[in-house]
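Which chain is which? They are A, B and C, in the order written, and residues in each are numbered from 1.
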Amino acid sequence: MFRNNYDNDSVTFSPQGRIFQVEYAAEAVKQGSVVVGIRNAEELSSYQKKLFAVDEHVGLAIAGLTSDARVLSNFMKQQCLSERLTYDRAMPLETLVSLIGDKAQLNTQHYGKRPYGVGLLVAGVDDSGPHLFEFQPSGLTQEMLACAIGARSQMARTYLEKNLDKFADCGRDELIRHGLRALKETLVQDRELTVENTSVGVVGPKEPGKRPLEAFKVHDGAETKDWINSIADDTETSGDGMQVDE
Amino acid sequence: MAMFSQNPVLNGPNYSFAEVPQHAVDGLREHRFNPYTDNGGSTLAIAGADFAIIAGDTRLTAGYSINTRYAPKVFKIGGSTSSQDDANILLSVVGFAADGEALKERLDAVCKMYRYRHGKPMSVSACAKRLSTILYQKRFFPYYVHAILGGLDEDGTGAVYSYDPVGSYEREQCRAGGAAASLIMPFLDNQVNFKNQYIPGSGVGHELQERERVPLPRNEVEVLVKDAFDSAVERHIEVGDGLQMMIITKDGIEERLLPLKKD
Amino acid sequence: MDHRPQAWGRPRDDVYGAYDASYMQTNQPNQHTQSPIVTGTSVLGMKFKDGVVIAADNLASYGSLARFTDVKRLRTFAESSVVGFGGDVSDMQYLDRHLTELAIDEAYTSTTTTPNAQPTLNARNLHKYLSKLLYHRRSKFDPLWNSLLVAGLDEAGAPFLAAADLLGTTFTSPSLATGFGSMLAQPIMRGLVPDEASVAQVTREQAINCVRECMKVLFYRDARSLDSYSLAVVTKDGVELSENEKLENQSWAFADRIKGYGTQTV
């Protein structure tokens, strides 16, 4: 009989990246008697929120366990606040990312702990300019020029690599369009980027090269409409007609 | 015995060096470092029908010295960024400046965490209660400040909350705080709450009818604030240099800086 | 008000009444009493259009004894800011070691990604940090008995000058002076820079000359001062620190008419 080797404790991930004890725990809900919640107006279900504003100059995107991401995001928020309190400055991105890197690394080395089941892209602007960091559950952190993580992200990375040289001179809107085109690459057949399933987080100076910063803002819903429409009918998306099997 | 009382007697024996105790008094006596000082200055807040004004002078003193002529006492609180462009609450602190700064930063951090957790700004009434608990948490080593919180309530009406150093608070129409509070408050009682103002010819003695209280319009309040400070500057040495006025309306917060006498 | 460092942080006589000296008549040591032992006197600072001038003399006094005559009370931080220390010298040396450590940590964490980047602590950051440290220590009833001036540039490259004292009180002004300087030098400096707007009109030479003049006035009238002093100028090009300045063109002519100065003939 099939035996699951990865469900003895809640500190061991399965090779597929699942924590079975947590999923079994969810089954316990089904043992309870029925309750009904109801509300009117507005939609009940929506896509999972994946972008968080950490501080005015930093935001992050997550791929993986949302609850783990919240723990990291809360921690980063606290660190940014205390940096402002003690030094009256925006937390340097490299310092911030290495803090969560160290935190995640500890979990890989101690008995009875489990790694964070989430990957992050941390984007922000500090005194030394704009930065993008990738974070992995192993504790690895790496500064990137462009990056994609999560399901089918290889397609997006391929697009980003192809267009890497263009990004440095891009304006804000053009850069967002590149991001959306890369995102579009990852979609499965017959799916489209829509205002319901797309959010865009942006941080940068109000005027190019100048200081007052426009705080990290997550654009979703109608705010993303123009950007999505502007890439809806361009043909360059699939690069040179490259075909990749899923 | 006269020699032990605060005030020496005018006739009869006074303090004599011969009577100085030659031995230590029983029990431990400490001469400790004093962690407080008074940095002077004065603040004032008035709530209107659809606005609130908080004002403070900008002088910071130590004894008879002026440390600086520009040290703001009124702060925007609860914005989403450090520039506080979208702040919805005002806080003024007067008394011990270092405690005031610490209190301001604490309350602002609380508001920022609230925004992060709930995705919306803190209401003025919620912030008012939170400030009270922050002050009371240090009941036995208090923040030595007279804090005043201002903003618009849920109905858009001007709100002013005033505090004592250990967190007792109350919503009021107006309040003066700091060094010249005792000079300004009676003036406010008369001009804002119309105390001792009666309708002429309405009767004699208890028959006299009080003038009806109405919220003052914004332009009148601004003049009132300036007059109050001009008068305080005249009679109190710790008040002067500049007047910082913050006006909160539904359109946001406006800041005005006016000169005061520098002498 | 009494501006000697020994009086800082003590209950003010005009508020709390004079100290009752009868308590001092004890044979046991007074255990929890804290006071500065070896002290430095005033620090002066003044903004000008491109930066800040800061000065302090090289004397560390032991009460009324001029104990150490070559103690440098200005220190640079990250080649872009200067901190001037008044008050207790051992606490100054503690802070100095602490700042050295902080500068090393900063240098490690800041410049690895972008070579031309400057995310290191500027004068404003440094002042905030020091004032937090001082406030924290006063809240533990274990104060660092100093009064500091921090000079440098802020994040926008504008001149920055701010003070912090043993209670954690902070303030900024176009010109600042600690201790005796707040009474003797500050009025002279305010004549040149009465407000922020006037800073833009003041040249480097004007500011330096004014500060030198103030150091002279302090040497004339502050009994705990010295004619050898340190002077630093901070601009966007960095810090120029000179630690062996001498007061020049002193005139003691006024002393003839004052009892207590020099040889008295009457």
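We adopt the following convention: contacts are C-beta pairs under 8 Å (C-beta built on N, C-alpha and C of every residue); 3 or more make two chains touch, one makes a residue touch a chain.
This one's a predicted model, so the numbers in the text were calculated from it and none came from an experiment.
Q: Compute the centre of every chain as the mean of its C-alpha atoms, then state which one is farthest from the centre of chain C.
A: The chain lying farthest from chain C is A.
Q: Which chains, taken as a pair, are joined by the highest number of C-beta contacts?
A: Maximum number of inter-chain contact pairs occurs for B-C.
Q: If you average the Cα atoms of chain A and of chain C to get two centres, how far apart are those centres in Å?
A: For chain A versus chain C, the centre distance works out to 49 Å.
Q: Find the geometric centre of each of chain A and chain B from their Cα atoms only, then give the gap between the two centres in Å, rounded to an integer.
A: Taking the average C-alpha coordinate of chain A and of chain B, the gap between them is 46 Å.
Q: From the C-alpha centre of chain B to that of chain C, how far is it in Å?
A: Computed from C-alpha means, the inter-chain centre distance equals 31 Å.
Q: At least two other chains touched by the same residue of chain A: list those residues.
A: Each of 85 in chain A touches at least two other chains.
Q: Give every residue of chain A touching chain C within the complex, in rising order.
A: Touch list, chain A to chain C: 85-89, 92, 94-95, 98, 126-129, 131, 143, 211.
Q: Considering only the defined contacts, which chain C positions touch chain A in the complex?
A: Listed in rising order, the residues are 109-110, 112-114, 117-119, 121-122, 124-125, 128-129, 132, 155-156.
Q: Mind listing the chain C positions that touch chain B in their complex?
A: 1, 3, 9-12, 14-15, 19, 21-23, 25-28, 30-34, 131, 135, 138-139, 141, 143, 163, 167-173, 176, 182-183, 186, 195-196
Q: Mind listing the chain A positions that touch chain B in their complex?
A: 53, 56, 77, 81, 84-85, 212-213, 215
Q: Under the touch definition given earlier, write down the residues of chain B that touch chain C in their complex.
A: The contact residues of chain B facing chain C are 20-25, 29-39, 60, 62-65, 67-71, 96-98, 101-102, 141.
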